[in-house]
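The following blocks contain the structures, represented as structure tokens.
Across the two complexes that follow, subunit A remains constant while its partner is subunit B and subsequently subunit C.
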Partner chain A sequence: MSRSWGRQDAATIVAAIVLIWLMPLLISTYTLTVLVIYGMLALSLGLIWGFGGILCFGQAAFFGLGAYTYAIAAINVGESTLPMILAVFVPALFAALLGAMMFYGRLTDVYLGVITLVVTLILFKFVNSSAGPQYVIGEARLGGFNGIPGFHTLNIPGQPDEYIWGDALYYVCAVALLAVYFLVTWLLRSSFGRIAIGIRENETRVSLMGYDVRARKTILFAIGAAIAGLAGALFANWGEIVTPGLFSLGQSAEIIIWCIVGGLGTRLGPIIGAAGLAYLKFLLGQQSLIDNTLIMGIILVLFVLFLPKGIVPAVASLWKASFGRRSGRKSARRRHMRRVDSANG
Partner chain B sequence: MAETVLETTGLTMRFGGVVATDNVNFSLKARELRCLIGPNGAGKSTFFKCITGLLTPSEGQVFMRNQETTGWHPHEVASLGVGIKTQVPNVMDGLTVVENIWMAARRFMPSKEASDKAQDVIERLALGSIAKAELGRLAHGERQRVELGLVVAADPWLVLLDEPAAGMTAGDVDRMSAIIDEMTRTAAVVIVEHDMQFIRSIASTVTVFHQGAILMEDHVDKVMADPIVRNVYLGKKA
Partner chain C sequence: MDLSFVILVEIFYAVASLALISAGLAVVFGMMKVINLAHGEFMMMGGYATITAVQLGVNVFVAMLIIAPLIVGLIGLVVERLVIRHLYGRLVDTMLATWGLSLFFIGMATMIFGNTTTSITTPITGFAVGDYQINGYNFFIFFVSAVLLISMYVLLKTTRLGLIARGTMQRSDIAAALGYSPDRIYMATFFCGSALSGLAGAVLAPLVGLVPTSGGAYIAKAFITVIAGGPSLIVGLISSSSLFGVVNQIFTFGISPVFGDVALLIAAVILLRLLPQGVTGKFFKGKM
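What follows is the complex of A and B.
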């Protein structure tokens, strides 16, 4: 078992390296960078929703929080290493507190959605109305609806003058996504991840087995927020400005759509869904014939109606049906026939 | 004299004006097998839920191995080494039988040992042919059996089963009695059950509930012969 996993991992790394190397030939690295970042953001929700069963309507809150944390810290510190670390830990801590409140309060799905949604709205409203000079953290002004521009962007650790930007930023983001992907893979194979999937399947049973479901959900929620925070910090570096729009409901909804279209319960699905839809939006944005939100809406409706499991699971089952273990299926059918025969006889 | 593993004193549960269980004093010795019976609405399941932590009793206490567990959460009760099976089958539908049982064992041992334990349980409960199948695809009787496997995998010293034989075929019920028989070698077992045939087949001490209180407590044959119990079940006036 472990050997086949190893082979699969090696194949993933090779495929990823080839993709990272080839994609810039097709799409500009500037666009690719943001697609990769959205992929990471979608993976964060894909982890907690697809494997933990926690439908969070406010994943954008952690994304925005990561971006703002980075920007504010970078202005105060004047280099990028510590702000990057803070951008992961601040959203994680915030999510741990929020999660503990929700899960220990025994909130069910719908209320959980409402609360995460409202938290996103509160952050949006707050940041949006923080234009006055009194809203200052250290040397950083929050800037209200104008956002925060002009912060120190990503540099090589320890060398504040060696900026990482352009092509280099793309490679950093892509490798970061690969690292996060393997972190998620490792997590899902660990006991913690397997039990998290159990919680998704049947919370009552897992608690009757003696596991503290509340604590486990809180931890998973915080891990998801940490990944979203990292994506937010990278986004801040890509855009070189952070604005309240990061916390918007549109952003939150989009993450959910990425996951649904790409395929829940897979690691690759959300990434593909995010990159694919974001690129489509980018292409549609270049024309003015049709409103692109309309097309996004149509795509979501079509997927929910005709491909409710999403792209990746559909492709996987198609692959299995046409190439995978043809002989195995035949023998199963033969066995079935035999059983029918004996039942009739 | 065997140790008392489960005891309730004055256990009362009210839902608004309805008293579902009324001042129940119950005790169970180690490795004892006890069935709880009674007509619908007698308070058996409410009593069961109060013990397992799914409900918090309005009054009274629950003790397990002399430790008070009143108002504990189900996961805390289960962590003590109490195996619980609820009335509605509670299994993880999207996962395989092996994964389900592994998870139950993992709570009390490292991952590797839990895998061995899962194989062991699968052999003991004759689940080998469906070990790799997803729970959602299995028949009701098989699901019930897997759920018992989840209970067995944790090596409990107290087992609480709510209607384990409900909706099962005769063959399944026989197999179920054999498993329960094996459980009583290491654990005290409480079974809430309707099926008199099944209770006779495992022949044990029976506690009869009626209108939230304990009506009588005796061996199954005596209970069945008792005119008051017969009237309660048939709905006649005593």
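What follows is the complex of A and C.
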């Protein structure tokens, strides 16, 4: 079993390296970087929603929190290594507190959605109105609606003057996404991940087996927030400015749309959904005939009505239907495992 | 003395506008269990319908109280037939589909009206109390939402129509066995809910500058009011909007309007944590 996993992983790495190497020939690295970052953001929601069953309407809150943490820390510290670490831990800690409050209160679906939505709104309103000089953290002014510009961007650890930007930033982001992807893969194969999927399927049964559902959900929620925070910090480096728009409802909505379109319960789906839709939006932004939002809305409605499982599961089942018929015990076993794999993720 | 009167009026206004914002959602979400994230956009369209009608020379009250609810109700009807109808009972899917609809409507409004602020003047003039000026329109909003809540209560509680609607929402199969078509009743209820949203948007339109994205300002408030209200429709609406309205105004006067909003949201989070079934899940059980 482990050998087959290993082969799949190797194939994934090779495919990813080829993609990372080939894509800049098609799309400019400046655009690609943000597509990769959005992919990571979508993966963070794909993990907690698709595998943990936690529908978070406020994933943008952790994204924004990561970006703001990075910007504020970078202004105060003057280099980027510590701010990057903080940008992962602060959202995770925030999510752990929020998650503990929600999950230990046994709040479920709708209430969870509303509370995460409301928390995002609170952050948005607060940051949006923090324009005055009294809102200062260290040397960093929060800047209200205008956001925080001019912070120290990513540098090679230990060498504050060696900035990583342009093409180099793209490769850093792409490798980070690959690392996060394998972290998620590893997590889902571990017993923690399997139990998380069990909780998604039947919470009562898992808790009756003696697992602490509340603690596990809280931890999963925090891990998702940490990934979103990392994406936020990378986004801050890409945009070189952070604005309250990162916390907006529109941003949260987009993350959910990416996951739905790409396919829930898969690791690849959210990434593909995010990169594809963000690129589509980029292309649409170059014309002014039809409003962008309108098309995104239509896409979401159509997907919910006609392809509620998303692109990746649909393509996978199509692939299985056309090429999946092989004979012999070995391939039968492999098919079985693929089924388990697709059931688990 | 004057100040306390002004504050009292503002508190009543805050409570009334919260109830008004949430009424349409209370029907669609509270009764039909459809999470309508396009609720804010229904209100936005109500506002645009009013402004367009007024610009075409229609009396402002006719535009607000008749034309806007009708137009938005009809839009709701189309939406129900095309999209929502297929998704009853699938909570998360309705949420996502209506989110898509809300983006669609924002895009539509941007294309038609442009991304600029439109507004009309308030049709009722203000008056002075001591040193303070009070907006007379606040009383109109209070009046409208009081009439609305009372008529909703009477309609649902005492008429045969209300009984059928409530029964269908509880057990649509039994209602069907008794000879009522759940499909039609759902359709009619969704029409009423959308019309109420349109009315709310229309009545509030003179107070705000309308942009295509105005709906976003209402949606969170409406949701937390309805959810915090709990299972009893009208009593829940009144109790939660009173609670949040008072909290909002205390912090608005004490600190600033932004903190008023933030305090409202924090109050909602705390309330939901303590009473996950809403206010009427714990108190006033079994009321309408």
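By definition in this document, the second predicted complex is superposed on the first by the 325 of 345 C-alpha atoms of A that agree within 3 Å, B and C clash if a C-alpha of one lies under 4 Å from a C-alpha of the other, contacts with A are read in each partner's own complex, and residues count from 1 in each chain.
One rule holds for everything that comes next: a residue touches a chain if its C-beta (ideal position, glycine included) is under 8 Å from a C-beta of that chain, and two chains touch if they have at least 3 such contacts.
The shown structure was predicted, so the numbers you read here are calculated from the model rather than taken from an experiment.
Between subunit B and subunit C, the partner in contact with more residues of subunit A is C.
By the touch criterion defined above, A:I27 reaches neither subunit B nor subunit C. After overlaying the two complexes on the shared chain, residue contacts for A:G105 are found with subunit C alone; subunit B is out of touch. In the superposition on chain A, A:V14 makes contact with neither subunit B nor subunit C.
Applying the stated contact rule after C-alpha superposition, one finds that A:L249 touches subunit C and leaves subunit B untouched.
Judged by the document's definition of touching, no subunit A residue lies at the interface with subunit B and also at the interface with subunit C. Across the interface of their complex, subunit C is touched by residues 55, 101-102, 105-107, 109-111, 113-115, 117-119, 121-122, 125-126, 129, 249-250, 253, 256-257, 260, 290-301, 304-305, 308 of subunit A. On the subunit B side of its complex with subunit A, the touching residues are 52, 73-76, 78-79, 84, 86, 90-95, 99-100, 102-104, 106-108, 111, 150, 154.
Of all residues in subunit A, those touching subunit B in their complex are 191, 194-195, 197-198, 200-202, 204-213. Subunit C meets subunit A in the complex at residues 35, 83, 86-87, 91-93, 95-97, 99-108, 110-111, 216, 219-220, 223-224, 227, 256, 258, 261-262, 265-266, 268-269, 272-273, 276.
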